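Below: one structure, written as structure tokens.
Chain nomenclature is as follows: A, B, C and D, assigned in order of appearance, with residue numbering initiated at 1 for each chain independently.
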Amino acid sequence: MKCTATRIFWGAALLAAGLAHASSAGAQEPGLTEKTIKIGMFSPLSGANMAYGLDVVNAAKMYYNKINKDGGVHGRQIELVIEDDRCNANDLVSAVKKLVEQDQVFMLNGGSCSAAAVAAKDYVVRSKIPWVMLNASADGALYPPTDYIFGAFSISQYAVGGSVVDFGKQHLKAKKIGYINHDDAYGAWNLEAAQETAKQLGVELAVESINANITDVTAPLIKLRAANPDTIAITTYAKPAALIIKKAYELGITKPIVLTVTGTANLSQLVENVGSKDALKNFYVQDVLADVPGGPKIKWVYDMYKESYPDLAAKPDHPQAYMPYGIAPAMSVVKALTDAGPNPTREKVAEVLRNQKFDSGVMAGPIEFGPNDRAAQESTIYLKFDGSQQTLIPGSFKSLWKYKG
Amino acid sequence: MADYLLQVEDLTVKFGGLTAVNRFNIAVQRGTIHALIGPNGAGKSTTFNCISRFYQPTTGRILLDGVDVTNMPASRMAGLGVARTFQNLELFGELTVFENVMIGAHVHAGKTWGDALSACPASVVDHVERLLERTGLSAYRNACARNLDFGHQKLLELARALAIRPRLLLLDEPAAGLRNREIAALDALLTDLCNREGITILLVEHVMQLVMAISHKVTVLNFGTKIAEGTPEEVRNDSSVIEAYLGQEMINA
Amino acid sequence: MTLEVAFLFLQQGVASGLIIGSVYALLALAIVVIFKTSEVPNFSQGEMVMAAAYIALYLLVFRSLPLWIVMPATILLAFAGAALFRRLILNQVARANGSPVNLVIATLGLSYVLRGFVRQTGFGDTPRSFPPVIEPESILIGQASVTTLDLVILATAIIVMAAFFWMFKYTKIGRAMRAVGMNPKAAQLVGVDLTRIHMIVWGLSGAISAVAALLISPKVLMTADMGSIVTLGFAAAIVGGFTSLPGAVVGGFLIGIIENLVGLFVASRAIVLAPFLAIMLVLVIRPQGLFGGRVEIKKV
Amino acid sequence: MSDKAAAMLSRSEASPPARWTARSNVSPARIGLLALTTAVLIFLPFVVTGYVLYIANLLLVFVVLCLGLHLVIGETGQFALAHAAFYGIGIYTSGLAGNAFGWPFPMSMLLAGLIAGAVGVVIGAVALCMRDIYLALATFAFGEALQWVFLNWDKVTGGPNGLRISPARLGTLEILSDKQAYPVVAITTLLMLLLTILISRSRLGRSFRAVRESEVAAMAMGIPVRRAKVTAFGLSAFYAGVAGSMFATFSTYIHPDSLGFQTTILVLTMVVVGGLGSIAGAVGGAVVFGLISEFLRQTPSYQEIIYGLILIVFMMYAPRGLFAFIHDKAGRVFRG
């Protein structure tokens, strides 16, 4: 017994020592050499939420590869260290700490899960490392603004909720909007903006907050029907959204329905899940991409994916719906590194990022930060969807929520 | 007047509509061995479990040393000096022989939170060691109880009960399953406990050989009522007892 | 809320509750059948449903086989898979002679494997469905709206329950199963082949899972994590007493109705809380569940 | 009784074979193990990065969680499955005490343990009239319900936004890094470990085990069974509360997502795979499984399958836990 125990513990000690291989000393800025620059990526690559992360990372990766092929940034090749954060706060923090302290990356480009990403906020700020998120909204880490954290490259939830109310009021002429959101962080953020916008526009909101795991959506819908709204906005994920639309049809609710970008992942599958195109007679979707998936403006992204990952592209459901969201963050990183000059420091990159503005060509609006604004993307477009055709609705619909420092 | 350690008065136990024990009385004299016998299903074990407070009687009183314990929780009985064994061995199977007996000494290990967390007083450990030695279980001190053979397990249960330092020892079929030679040893042990240490013993038993050899007094139950009581000699010759047992044998045959 | 609205809510709540409850009831039956004979709460039950649903999806949509082949094929595959798991894995776990909780951990392991495997195929991310066994059409019962598919699910839950009830009571194999549940050693002594009975029980539970999967997938949508719905099946089983087949069904209905009524009369965000409150309430009042046998006082 | 009588009562007179002998409580091996653990713990911060210390901190939190679950499941045999809920109570209590009153962390740690323990006693008193599967399921339901409360009691817990935890402090000292937190976490873990050993070797621990092995016999030995169960349950909740507060010393954020049944099941898995009923098993299970989980992050998409297979294989071939398994195998090797 003693012998084994001793062996185990010395084994463990050696292991710990092995994990702790010495950091590359000498360089002034970690992760930076004459020829390379190291960037740490993290996202859910396994488990229930890998749909939010795996292909988003792949998209960013293929963009970085293209930059490297074209000569890199100021002659430096981008080196990626990629970690799985399992969409879980503890694992995300350990991924971030590993990247920063062990892999000594220059900056971070990661995070697809909002609630989990917020957990790394204080550590990143204390360590003064520029962090450009992937597709996480993570508004909790963006407000109050910090010097180092930049996110919401897909869309800020504050924009999602406010904009959909504006759309209901302006385009659908609604005086009362039925609003179904989740009882999680996403839902809390978009509801806050929706309420603020509704107040300013003089729209009444009837809110039903549901859990993402809900199996029976009858009760919230019956209540909404009793409240008799002029339109229904759904800000849930894809699965509850499909259940709600289907049930609304079964219950004979004919009011216009607007589905926000949170649930629009795969529209053709949505039609199948709802089971009938009739359910989508009066149906609108919000989107944050510059074009419909595969449309001419963003076709290059899909082509590049097919070229870079032929094996993955052959699998069903690939590329995953959120894949294009990975491009804009990678562009942001590359642009910041370019603008920071040939001798970048973490501080310089963070400063450049704070004033960054560019058009990705992939997302609906420009990527833009400002003095009090760390949310990259706040524009949405609206499309009428009849089950096969998507028609763009002209006009701009904005959230009226503002951060009150 | 006789000095009774245990008195059971008018004990009645009903399970649903079934009356298992009916207005039963028994008085156990201090320092004696008293046996409770009867055919299967006569209500012996029920009575026994009422006395050790595992069952709640429907009516009736149980007095221990003159004090009414009818509503005492079972776990308080050990503290009052009442120890028991079980018909179908209830050892702490995964624990060592030593630990089994130590748990027997639970009530002597102090009452406060401090006591609960501190190691046991040396006197208690000594007592446990002596019990192990006396019962010949020292060699198995660190063996798991469930790995002992049946005879040793019975012995361990007895040792554990003795660790309570009981005034009243309740034995539920101590001889069941033992071989003749083992029964003889048990005979010697029980007599020894009664005579030398003054422990009062109430036993439920089927093995007449043991009952007749060591009991000072025997009470016979049938269908929940007392049908006879007296010295082994008297009971053996009681016609109603013979009838009861004959009936039983005919059923069994 | 006016009285009229309240009445409408009540009708719809009870109707929807009965219908979603029949889904829970099916899952609860699958759980109870295993627990009755082997005292293992099967933590992979939800993943068995999920796996069966994906088998059906694959055959129906990607192999384009007709429904009359897909249904028996899925049920058969689920039966075989579950029975083999019992035979190859759990038998060894049981023989290895650890704590009873080891069996539970092994089923937990299976649930991870199944989920991981479905995710590997690439199907697991997007919520999916396949064409329902019958085309759902809305009907009004009183003021409550239900669909034809709902009624089929309801009927199936009751038929499956009745079939099992009958099997346990009147067939030789059913009696053997009950005997194994009550006293495995004694059952073995009278010549019951424990291994075989356990395999059949697991197989049957797999088959119910497959039936459930075929019926409910279009209704609740499939993902690799759809197995989490089984939590509600567990809730139903607990409320019903965990060893009782009618209890499982009644428990399913109760959980479904409570969910709906809480959603309608309290708050939508409290729907997920309702089953757990129901469990606690029932167990505090009746520690053995509504239909569970009396908790036996140990004979000493 | 005479030796002769004893000899007659016993059927086999040979001394018991070695395999019968349960491991005794104090063996040099155990003391060695404990000393070694301590040494590794002291040594660690001097050789590793902050990342490894974060992992170490997290593992130690799980060690304490496992010790707590060990007390109620391993020692007392009661399948209580609400551990994550008590852990959450601990995190929120010490987080809020720190945020709102700036309490020094030893105080909020004690408070966290006590509040979790008190809730544990109340829940235990209600739930422990149930047995086996019903107890497991009732406590499971309680855990889920409490997670819902964490998610919906916005004013106190921050609800779905999570709660930001301000740095733990003691006087002027503020804990801002894993390295600073590590000594606190490690010392607390050692204290809890010692407390567990103390309990296990005391009258209290014996009464727990007696209840586990046979409730009726325990009653006959004068052990108030119900009170023992409630005590074990409360103690286990106390451990979970302290673990939560340890977590709060090195974490800056808590979200209800990580306080659900998954966490309870993870702790249960650690305890069972380590070896149900042994302290070394609980500690070893937490460490080994924590490390496996961290290493599995490097094998992304297959990790669920691998994790599941590990569980199954362990249950098939190491049913009495990792340590018993190593003990047996090592024993076989040494015996030749």
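The working rule: a residue touches a chain if its C-beta (ideal position, glycine included) is under 8 Å from a C-beta of that chain, and two chains touch if they have at least 3 such contacts.
If you're wondering where the values come from, they're calculated on a predicted model, not measured in any experiment.
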Middle chain, criterion being Cα centroid separation: D
Longest centre-to-centre distance from chain C, chain (CA-based): B
Computed distance of Cα centres, chain D from chain C, in Å: 32
Inter-chain centre distance, chain A versus chain B - centres from mean C-alpha coordinates, in Å: 72
Cα-centroid distance, chain B relative to chain D, in whole angstrom: 39
CA centroid of chain B to CA centroid of chain C, Å: 48
Multi-chain contact sites of chain D, meaning residues that touch two or more partners: 152, 216, 277, 301-304
Residues of chain A touching at least two other chains: 46-47, 50, 183
Contacts with 2+ other chains: residues of chain C: 119, 269, 272, 300
Footprint of chain C on chain D - complex, ascending: 73, 79, 126-127, 129-131, 133-134, 136-138, 140-142, 144-145, 148, 152, 215-216, 265, 268-269, 272-273, 276-277, 301-312, 314-317, 319-321
In the complex, chain D residues that touch chain B: 1-12, 15-16, 20-22, 24, 198-199, 201-204, 206-207, 209-210, 212-214, 216-225, 277
Touching residues (chain side chain A, partner chain D) in the complex: 1-6, 8-9, 12-13, 15-17, 19-20, 23, 45-47, 50, 54, 83-84, 86, 88-91, 93-95, 97-98, 100-102, 115-116, 118-119, 121-123, 126, 140, 183-189
Of chain A, residues touching chain C in the complex: 46-48, 50-51, 183, 208-211, 213-216, 218-220, 222-223, 226, 238-239, 242-243, 250-252, 265-266, 269, 272-273, 275, 315-318, 320-321
Of chain C, residues touching chain D in the complex: 35, 39, 41, 89, 92-93, 96-99, 101-103, 105-106, 108-117, 119-120, 231, 234-235, 238, 242, 269, 272-273, 275-277, 279-280, 283-284, 287-289, 292, 295, 298, 300
